[in-house]
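Read through the structure below, which is laid out as structure tokens, and then see the notes.
Read from first to last, the chains carry the letters A, B, C and D; within each, the first residue is number 1.
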Amino acid sequence: MKKIEPHLSEKTFRGKLFRVIYESGTIGGKLFNVTLISCIVISVLIVSLDSIESVSIRYGKALLYAEWVITILFSIEFALRITCVKKPLKYLFSFMGLVDLLSILPLYLSFFFTGTKYFVVIRTFRILRIFRILKMWNFVEASHQLTKALYISSIKIGVFILFLLVLVVIIGSLMHLIEGGKHGFDSIPHSIYWAIVTLTTVGYGDIAPKTPAGRLFASVIMLLGYGIIAVPTGIVTAELVKFTKIPHAKSVHSCPSCGKEGHDTDAHFCKFCGEKL
Amino acid sequence: MKKIEPHLSEKTFRGKLFRVIYESGTIGGKLFNVTLISCIVISVLIVSLDSIESVSIRYGKALLYAEWVITILFSIEFALRITCVKKPLKYLFSFMGLVDLLSILPLYLSFFFTGTKYFVVIRTFRILRIFRILKMWNFVEASHQLTKALYISSIKIGVFILFLLVLVVIIGSLMHLIEGGKHGFDSIPHSIYWAIVTLTTVGYGDIAPKTPAGRLFASVIMLLGYGIIAVPTGIVTAELVKFTKIPHAKSVHSCPSCGKEGHDTDAHFCKFCGEKL
Amino acid sequence: MKKIEPHLSEKTFRGKLFRVIYESGTIGGKLFNVTLISCIVISVLIVSLDSIESVSIRYGKALLYAEWVITILFSIEFALRITCVKKPLKYLFSFMGLVDLLSILPLYLSFFFTGTKYFVVIRTFRILRIFRILKMWNFVEASHQLTKALYISSIKIGVFILFLLVLVVIIGSLMHLIEGGKHGFDSIPHSIYWAIVTLTTVGYGDIAPKTPAGRLFASVIMLLGYGIIAVPTGIVTAELVKFTKIPHAKSVHSCPSCGKEGHDTDAHFCKFCGEKL
Amino acid sequence: MKKIEPHLSEKTFRGKLFRVIYESGTIGGKLFNVTLISCIVISVLIVSLDSIESVSIRYGKALLYAEWVITILFSIEFALRITCVKKPLKYLFSFMGLVDLLSILPLYLSFFFTGTKYFVVIRTFRILRIFRILKMWNFVEASHQLTKALYISSIKIGVFILFLLVLVVIIGSLMHLIEGGKHGFDSIPHSIYWAIVTLTTVGYGDIAPKTPAGRLFASVIMLLGYGIIAVPTGIVTAELVKFTKIPHAKSVHSCPSCGKEGHDTDAHFCKFCGEKL
């Protein structure tokens, strides 16, 4: 977003506003961000609590009021963003723009059609606000390396998951045959679901082999998956290791005659000029 | 397969065909592969849906028709492959040849003997087509490194799994004694199955220790497995790290004449302009 | 703690005491530490056994006596610590000081108010003594590297967990909608709990998707988590790799005069005898 | 064992025998080992099958006969080992000697006292034969690196598990309080068992938090364990990485004037003599 308006005039109100909203460097910006994050966290808590029946029955009213306050705050923020951005439409149809809109609309819509089953779904859109926090992401220093390593690995991990998908389809259909469509393996999709649950070592246990053959096969799969789980880890680690410079076991003393460094710890003579160390 | 016919004459129909089917480089080849993959995915979906009782009852007919279309397409492909390959028999008895055959036969066989219990098994062979996707594997660039790392590690992981097998047999029989053949540990094989489920951290929970002694032993096993799970990961990672070039520790001093940096700590002359450092 | 009193006079009793309690180097110190650890382990066992109803009913009395012995020993230790430390208050309000106090108080308090529900909670504070073992931590050589690697990674892992939290909130609320608030996904917090259980591959199975859509989504999450679990491992490993010195590629040629090997590829003179290579 | 009798005279029968039994290099030795391993595998299968009630009822007799054959074979082997080893007693009281004895005795003992409850336990000792396979271990080339890496890491992993034990005790007792001794958290040991099951991501689900507070705490533990599980992996990987020499990005061309190698791929001039490359 920073790019939209790089050198906006210092004087105008829009300029000041822009700097506060989009430039986290300034004091105003920091303050703005902190407030925003806390508002998001609060709103997420409200939505979550609201989803608990017992709570929503007792504190429903209080939550609604709180929701109103939050929503109005977000509406103001939304309005401000549109005013100070150069290309309002561009922002409006950007991912974040839509998130912002979707997260404030529900409550307003609640005037027109209420109590409808689908409305619960719409209201939950408010949780989308949390995406904003992901936007703060780039402000966190440590995240860069992670993101980079993940980005580089993403292709390899993608290929790996593709390979995994083929594997689970085969395992799933085999298991469907072995267990004879019983014990939860009643269809290939369910068996594939089991295969994924097993290979990823999640292992809910809602579906588990009962027949000896099935358990034998499952054991093989698990041992196999044991080796397979190593792959994504290996990929990401290998990428992360790249970023860490590995120190060689070198002595810190430089040669007395030629003053060169980088001698092995077991060196008696300078490897460059042959002088006694 | 590419090897079978390296420089087949450009003019003949067989030659053109061969290039389309076996050479993914050409436009025709690309088109062919994309169509093939989508056909495979569709057929896999059909088989999967077909295995869901509720679906097969309602949409059984539609699925059968779709299956027919797909099967005919695969039959044509199969015929073409045989015609254009130099050694049809060699292809026919290759792994992929058998897969192709096994994946089209079932439907044709359905004329002669139907509704038999075993027939369900045979029909599921159609899912084998998915192996074809694994053949496309080599076309994916990123896969090479993975395959190589896995191939190199395969022996070590094999040895490791062998070691694991011995371990689970011992753990299993001990657990069978400790739990006194109760709580699902009713036989050594079942206890071994439990041991595998536990050591691989899958942990279905369909079998779990109930006695204090059993739980204590299980806890030890889990903590032990906690350290053991690290091994395959370590193996694969170590192999993958090999492929990643780790930046060498460089001197911080820049060249006095050209000002370039990134010289080795032991360099006497600038590697860019040849000036004395 | 060692810092509090670096060069306390050798002669005074307090000085001797201080050396015994806080300096693990001396024989007295070693003895003291060993006794302390064993006391802690015993007291932890007592508290644990005491919490098992069947045991506490039968051996309640014996456990109480044992508890008394242990508590008195700890009280003495506590008294000694206060006497020999230069700034008793500073120690008293340090984390360890509070732990020591909290771990001996409960039993004494048991005179005044007993049998109260909250008292069980207070008594369990005795288990806090185990923190003392963590204090011995620094005395274990091998732990340094671990602690350091963990400390360095802690920030990155923190950021990663923050990212994870945002992820599970989104996954949770989506799952809450997909499963329609049934099958244990009755509220967003519960669904978030499920998301965490799944992403960490713990997979209790107390909450598991039942609807096809839910299972499909869960499968995606698991495969996703499969790649994600690699990240913390990668981070810590990368840090630990830093500490391991990787053997530098060495020249295969041995010194012509002394015949020793292991020279750097860029060495001009033998690092052992100083001869020209 | 090889050590016991390094250069035993070629001629004597004992010498020949020794070579066959203890030296896997000779053809006789290879043959002997293969037979031994297959016998072990068979006997393990017998014991396992024997433990399955339905099987032991139907095929009990057949299994007993097979067991007899195997046991006699092992008895002969045992006798031969004693005869050809220089120090029979030393062998007899070595770990492997005891394993050999324990694995053949049960059946012979079955003459004297049968059907006793403890006898089942004794019979299961036969499974100990599998330890023999671990003895073959050293013959497997690839295992060396693994064993070495594990041996080096063992101390660190030990320290780590110690740290884990302290952690699970604290987590367990806290969870015992939070869940109020309900939902399987009825005692601290059980809660500790749960903590281990959770931290190792095994997650049986036989014990799982039900209260909101408990689930919240469990979530924290899981995310925490998510980072912790990385540690053992990191340790082993770091050790394994040591064994892999990481290639530096160096040009293979040597300097035309001084002939030195090890120039960076981007070097234009020799870093040693400053000549144009």
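Everything that follows uses one rule, which is that a contact is a pair of C-beta atoms (placed from the backbone, for glycine too) under 8 Å apart; a residue touches a chain by one contact, two chains touch by 3 or more.
Nothing here was measured: the structure is a model prediction, and the numbers come from that model.
Peer 1: What shortest step count links chain B and chain D in the network of chain contacts?
Peer 2: 1
Peer 1: So which pair out of A-D, B-C or B-D basically repeats C-D, with more than half the contacts the same?
Peer 2: Answer for C-D: the repeating interface is B-D.
Peer 1: Quick one: point me to the chain whose Cα centre is farthest from that of chain D.
Peer 2: A
Peer 1: More than half overlap in residue numbers between the two sides of the chain A-chain C interface, or less? Answer same or different.
Peer 2: Copies use mostly different positions to touch.
Peer 1: Using mean C-alpha positions as chain centres, tell me how far chain A is from chain D in Å, no decimals.
Peer 2: Roughly 37 Å separates the two chain centres.
Peer 1: Just how far, in Å, is the C-alpha centre of chain B from the one of chain A?
Peer 2: 27
Peer 1: Indicate the whole-number Å distance between the mean C-alpha point of chain B and the mean C-alpha point of chain C.
Peer 2: Whole-Å distance between the two chain centres: 38.
Peer 1: Which residues does chain D have that touch at least 2 chains other than itself?
Peer 2: In chain D, the residues touching two or more other chains are 160, 189, 192, 201-205, 229, 233-235, 237, 239, 241, 246-248, 272.
Peer 1: Would you identify the shape of the chain contact graph, picking one of line, ring, star, complete or other?
Peer 2: Shape = complete; every chain linked to every other.
Peer 1: Would you tell me which residues of chain B are touching chain D in their complex?
Peer 2: Touching chain D: residues 155-156, 158-160, 162-163, 166, 169-170, 173, 176-177, 181, 186-189, 192, 198, 201-205, 208, 212, 215-216, 218-219, 222-223, 225-227, 229-231, 233-235, 237-239, 241-242, 244-246, 248, 262-264, 266-276 of chain B.
Peer 1: Which chain A residues qualify as touching chain C in the complex?
Peer 2: Touch list, chain A to chain C: 44, 47-49, 51-53, 120-121, 124, 127-128, 130-131, 133-134, 137, 140, 142-143, 145-146, 149-150, 153, 157, 160-161, 164-165, 189-190, 192-193, 196-197, 199-206, 229, 232-237, 239-241, 243-249, 263-264, 266-276.
Peer 1: Residues of chain D touching chain A in their complex?
Peer 2: Chain D reaches chain A through residues 201, 203-205, 233, 237, 241, 246.
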